[in-house]
Each structure stands twice: as structure tokens, then as C-alpha cells.
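Chain IDs A, B and C follow the sequence of writing; residue 1 opens each chain.
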Amino acid sequence: MEERKEMITADKLAYNYIKYDEEGREKEKIRAVDGVSFEVEKGDFVAILGHNGSGKSTLAKHINALLTPSEGTLWVNGMDTSDEKNLWDVRQSAGMVFQNPDNQIIGTIVEEDVGFGPENMGVPTKEIWERVEESLKAVNMLKYRHHSPNKLSGGQKQRVAIAGVVAMHPKCIVLDEPTAMLDPNGRKEVIRAVRALNQVEEITVILITHYMEEVIYANKVLVMDDGKVVMQGTPREIFSQVETLKSYRLDVPQATLLAWELKQAGLDLPDGILTREELVEALCRLY
Amino acid sequence: MSIVLENVCYTYSPGTAYEIHALKNINLEIREGQFIGLIGHTGSGKSTLVQHLNGLVKATSGHIYFNGEDIYAQNYDMRRLRGKVGLVFQYPEHQLFEVDVLSDVCFGPKNQGLSREEAEKRAREALRMVGISEEYEKQSPFDLSGGQKRRVAIAGVLAMEPEVLILDEPTAGLDPKGRDEILDQISLLHKERGITVILVSHSMEDVAKYVERIIVMNQGEVMYDDVPREVFRHYKELERVGLAAPQVTYIMHTLKEKGFDVDEDATTIEEAKKTILEAFRKKGSTT
Amino acid sequence: MIRDITLGQYYPADSILHKLDPRVKLVATITFLVALFLINSWIGYLVATVFLVSVIRLSKVPFRFIVRGLKTIFIILLITLVFNLFLTPGDRVLVQIWKLKITDRGLHTAIFMAIRLIYLIIGSSLMTLTTTPNDLTDGLETLLGPLKKLHVPVHEVSMMMSIALRFIPILLEETDKIMKAQIARGADFEHGNLIQRAKNLVPLLVPLFISAFRRANDLAMAMEARCYRGGEGRTKMKPLIYTGKDYCAYGILLLFLAAIIAVRVLL
């Protein structure tokens, strides 16, 4: 049998939040995700952009079956997430890392936290230890295994949270703004760990972020606005549309912005410059 | 009108094994009307420093003078000082507690002893300053969006009509547009009202764009204190202590090395654009 | 002040005590507490002191760290000391200040009680210092396991306890932060009468509760995302299995208890 290529398939997925009034009657229906279709292939690194309230977190929670679609279908590794009996398999295949590092660490010792997922899955004790060790190694946190999470920096805590997901041997990891509460060094540590998982362990990564610099490592970008996917493409394709992005309350990396400004001023630079090296190179060619 | 710090030292748990020298002999003058950026990595002492400026933390040794008066003198009115030196903490929306937006913003002015009418007048003014319109006044602060909550919380401090406004990472966790909006509003306040602003930030790009003076903290000491272009000239030293310069600085330095006739101390997109175009023009006129 | 509370805090170190089965440590702590109340002579205290000091040495927890935990009970200690010192009737009056008499028996009881209280605290904090909260709740869960048959939710309760332990330091830090933020807005937590002070706490308590609920919500979601579905079908990373050193510890414990009883009965 040929192995399936797609990891996640969304078909016209929609989700309504329903607000109730005091008497329990339906007061308001908010369509947080509005008919979204996309596909993520195995081994992809997908970035999802969108301003606060654009529906990207709601979408992310579907991939882990924390929410199920009000309309449409979502398949994770071939499983329909709406099907109750797939629930635990879906959660094991698609791990999730959240924004606040403090609110997702359960254990009082780093290694115990990483073991929490495998414990829940009923993994035999000996194998839990192996998984904990390899996961902490994968995020470069092995030497902190006996530490208390409270004494770690934000970036370290977030890497522990990632290790906790990796120990469940997922096929895919969804990270919901994992760097939003970190300082620049913490952000770098986390992104480095995520990239290593994607490249070395070949885990599919879905990264939700507000930091444009983190997006350039992705091979695919989805831009969300008002519950819809409004742009899809490679980082280069997305970032060559500076004005469209701005209209969605987003930004572009600094190098891209400078290149775009220079181009507006008449310099003959190519579209979608992503890094400062690319910009310098392009300028040298003109000079 | 200014804040002067003289030989300020602060030590956590002095005399124990856990002794930490958070501030070491700080000498600074915060002059009226300045827009200052305070940078430093996590744990560099910058948060401790700002908490000294409104008397929340008392220095272990040294003196602080506000408008010439020693704030550690007997009978010095600390509560009045806190009205004059407004401090907005990180994630200030976590301190909201009242039933509606207007009452929450009134909390500060009422603590200053103002009448209900006077407090409300100031609260309304403060809310307009941060761009929250009248329709939100009677809403629960908890029903607002993340960015709106943040602004209401900032208004809560502005309503006390401080002469000095200190903001500890006011843009953390916001989307790019939200970040720009808050910083633009603060910048406007600075220009129109002449308020002294101290912005604690991790974003070198933001600091370069908005402030006129940068104070760099490292291991409890002031490492640099100068205008942005001078400070970022030391980008290699900044990297050594876990900081960085704006992206633009790196681009300019590389261009200079490659033989471009540019001003390598440009720190913002606008400056960079100007000097690069200038270089092309000069080059064009000679060849 | 908050930093001084060592009760319920784990001190990471690599010692035989840290490696003991938490059940042994729980049983040992209870045994030690019972033994303290059995003691009625100086020799008994000598036995207890030798036992306690050797256990402290074995634990590799710095002595200073253990003593710091006593600071929090200092007031209680002082009150017991004063009460026993002045209010115990006795045969021989040692010192008399106005109407207050210190008798030989008073002095005796006061010192006995003080030592008992100090040892009690040291004994129980040694357990929490050498056992991670998770181990502790694991130990409790297994020890109380038989209660499951009576439909007591032992797993759920122990999970709740370990989560509470993890979040105590976080919430303390948060309290400090919100308090500072409100003080910066002119709030006053120190002055006024009792009712005013209670009212002044609203700006602290409301944000704190909201934050606690938000954290609970986030945590529940994170746990679900990591396939948590209660105690059933769960395996353990660190299952509790008695080894040689645990039996050995039980042996020593038995000897200690026997010695205490012997001292009481024989002397």
C-alpha cells in the first residue's frame, strides 16, 4: 500500500462559537473559522499568520481535536477528527504546544512533565524513560532533566513543553504562538528546536506566529483574516505582497520591508527578498 | 523636572546564600520630556530599575531625587510620587478588576483623592488618548479584545496624569498592527503632551524607530547610555551580552564592508532607505 | 517572607534519602511524629536527635536550608515556650518576676515542647524537601489505593494536589506582581481599619481569581491535548517498587521505634 502523502486535509471547515444569554438561549453566533480548505503534506513546515482574532487559534485547536468542526471535515493523518473513536489517536498524532509556557507544564520536575503524555497513552515504563531522554535531547534540554520548571527561562520552559509533545511520538506538532511571551533569545532557542524537529526528525510542523522573521523558515504560509484563509504560498510569494499583508494587520521582515521601500523608490530589486543577506547581495548586483 | 539616580544599589536577600546584586551603583538622569528606551536581556536589572523610579522597590543604598526632592526622605509622599511617575507593568490587562471600563480607569485618579466627577473626566480623557471610544465605557473590561484591554490598562495609568510614563514591554503578545498602534499612540502622547516616556523593550527595531536615547542594562549596570545610532554602533558588544542591533544596522555595516558609500550608523528603515538611495545617486553621478 | 517557606518545597540533591520510595518516607514521617509524642525523657530525645541528625546528613540538604523553614513557625514556637514556661505549676520556683513564676517543671516542659515542635517541623519538612511533590502524591495515591474500592477518587485527588503544588509558586509570584501594579495606581494595602483593608483587597483578588481560572482553563486544555483521560489505562514513568534500600530503611525505622519504646518502658 502506498503511504499517504498528506498529513492534514481541511475541507470547507467552519466553526461557530455560540454565546448564550442568561436564560441559556442562543444570543450570538460567531463564525470564528469560515469555510477553510487547505492541505498540509507530511514533513511540511507550515506557518499560519493572522492578526489577533483572525481565527488561527481556533483552527489550530481543531487539528488536535480540542474542537471539532461545526461544518465541513478535517482529516489528520487520514482520520476524521469528528469521529469520537479517533479522538485519542488524533491527539497522539498531532501534538500541541500553547502560548503560555507556565500553563502547560504539569510536572514539578522537567523529566516528569515530559513523561506525562506517554503515561497517559499507557506506554510501558521502560519505554517512557527512553522517550523522555530522547525528547529532551532533541530540544537540547537533557541537562535540565532534574530541574524544577519554575526555575527555567521562558525559552527553556517552552522547549520542555515541546519535548513533552515529542515524547508522544507525534507525526505533527501544532505550535500556537509559542514565542509570543518570550524574549528574543528565548524565541531563537524555540525556533531552532522546532526547525531541528522538522528537519532531523521529519515531524510536520504548523507554527502560528506574529513574528515575521520566524516565517521565513517555513515552506508554506497561510494567512488568515476574519476566519478565512486569504493568502497561501511560499514565504517569498507571501512577502512580496507587502501592501496586501499590511491590509490584514500584518507585517513583513525588516529586510523585506527595506527592499520593498527601495524598490518603490526606483531601485530595480527583485520581489520577496526575505533575509538581509539576500538584500545585500541584490544591492551589490546593482551597485 | 527630572529624576536623578545617585549611586543606586539594590540587592536581593542580602546576607544570605541567595544574595543577588540586581543593581550596581546606578547613576542616571532622566530629563523632562525625553523619550527613552531601556533595553537589556531578561535578568539584566531593567525591571528592578524601573520599579525604583516610582518607589515600589527601595534601593539598598544610594539616593533618588524626583524634581530635586529626595524620595527616601522622611515624610516624602510616596503615593503622590506614584501619581507623578506612572508605571505600566508587563501584561497590564491582568490588573483589570472593575465591572466596567470607565470605573477601572477611575481607580487611579480616585486613589489620588479626586471626586467621582473629576476622576471620570480624567478617565474619559485617558481613554480617548489611547483610542478607546465612548461606546466601550460601560462594557466589562473582560469582554474586550486583547489589544483593547491593554489600552484600557494603559489608560488606567494615564488617568493619573503622570509626568513620567514608564511602560514595561507594552507590546508583548500583540499582533504587528497592534504593536504599531500602541507605540504610535505613546509617541503621539510624548509629542503632544511633552510627557517623559521610558519604554522597556526587547525589540531593537521599535527602540530605534521611536526613542531619542537608549539606556542599555547588563548585569545590573548601565552598559551604554546614548542616542540610538551611537549605541548601535557597538552592535558586536551588544551581541556579546545577548542583545542585538536592529536588522538595518547589520545590513548597513555589511553594505559598507562591500564598498557602498553609505552611512553605516543608520538604524531605521527610513534612514537606511535615504542613505542607500544617496549612495546610488553619488555613484551614478561619478560613473 | 514568601521565600522562607520551606515546608512543601523540594530541594534537589542526589542522596539516598531522595532515592527512597515515597511510601517509606511517608510511613517514616508518621512513625517519627508518633515517636516524638512517645518520648518522655532526655535519653529518648537523645535517640531521636541521633536519628534526625543522621537522616539530615544522609539527605544532603544544607542544614541552613532546613532551619530557614523554622522561621515561619517562630511565633508559634515562642508562644508555646512562654505559656509552658510561666503557666506550668511546679515544686521549685527558679525565677519570679512579679506574679509570673518559672518553676523547674515549667522549664522542663517548655524545653520539651519546644524541641518536640522543632523536630516535628524538621521531620516533616525533610520529607517534602527530599520528595518531589509528584512522588509524594504518588506515594499517597498508592498508600491510599485500597480506598478506591470505596469509590474514593484517590487518583483525582492526588492529581489535584500535585497540580496545586506546582502552581503555588506561580500564583505567589503573580500576587506580588498584581499587588505592585495596583500600588503603582495608588492602591493602599496597608492602612485603614479591617473593613477598609478587606475592601482594598478587591483590586488584588479579582485579577488573581481571573488569572487562576484562566490558568486552570489553559492547563485543562493542555492536559487533554496530551491525552489525559483520568487514571484509567495510565502507566507510570516512576512506578513505586520497593528495593533493598527501602526494606533496609523500614528495618532501621523499626529499630528506631523499638528504641524509643524501650527507653520509655525501661527507664
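Rule of thumb we're sticking to: contacts are C-beta pairs under 8 Å (C-beta built on N, C-alpha and C of every residue); 3 or more make two chains touch, one makes a residue touch a chain.
Here the structure is a predicted model, which is why all the values come from computation and not from measurement.
**Student:** Specify the contact topology among the chains shown, as one of line, ring, star, complete or other.
**Tutor:** Topology of the interface graph: complete, with all chain pairs in contact.
**Student:** Report which interface contains more C-beta contacts, comparing B-C against A-C.
**Tutor:** A-C
**Student:** Using the average of all C-alpha atoms in each chain as its centre, how far is it in Å between subunit A and subunit B?
**Tutor:** Measuring from centre to centre gives 30 Å for this pair.
**Student:** Would you kindly tell me how far, in whole Å, the mean C-alpha position of subunit C lies from that of subunit B?
**Tutor:** That gives a centre separation of 43 Å.
**Student:** Between subunit A and subunit C, what is the gap in Å from one C-alpha centre to the other?
**Tutor:** Computed from C-alpha means, the inter-chain centre distance equals 42 Å.
**Student:** Taking the touch rule as given, give the residues of subunit C at its contact with subunit B in the complex, in rising order.
**Tutor:** 3, 64, 174, 177-178, 180-188, 202-203, 206-207, 210-211
**Student:** Going by the contact rule set out above, which residues of subunit A touch subunit C in the complex?
**Tutor:** Residues 61, 64, 66, 88, 91-92, 95-96, 98, 100, 102-109, 111-112, 115-125, 128-129, 132, 146-150, 164-165, 168 of subunit A touch subunit C in their complex.
**Student:** State the interface residues of subunit C toward subunit A in the complex, per the touch definition above.
**Tutor:** 10, 12, 132-134, 162-163, 165-166, 169-170, 214-215, 218-219, 221-229, 233-239
**Student:** So in the complex, the part of subunit B that touches subunit A is made up of which residues?
**Tutor:** 41-42, 145-147, 172-178, 202-203, 205, 242-244, 246-248, 250-251, 254-255, 258-260, 269, 272-273, 276-277, 279-280, 283
**Student:** Touching subunit B in the complex: which residues of subunit A?
**Tutor:** Touch list, subunit A to subunit B: 50-53, 99, 153-154, 177, 180-181, 183-186, 210, 212, 246, 249-251, 253-255, 257-258, 261-262, 265, 267, 276, 279-280, 283-284, 286-287.
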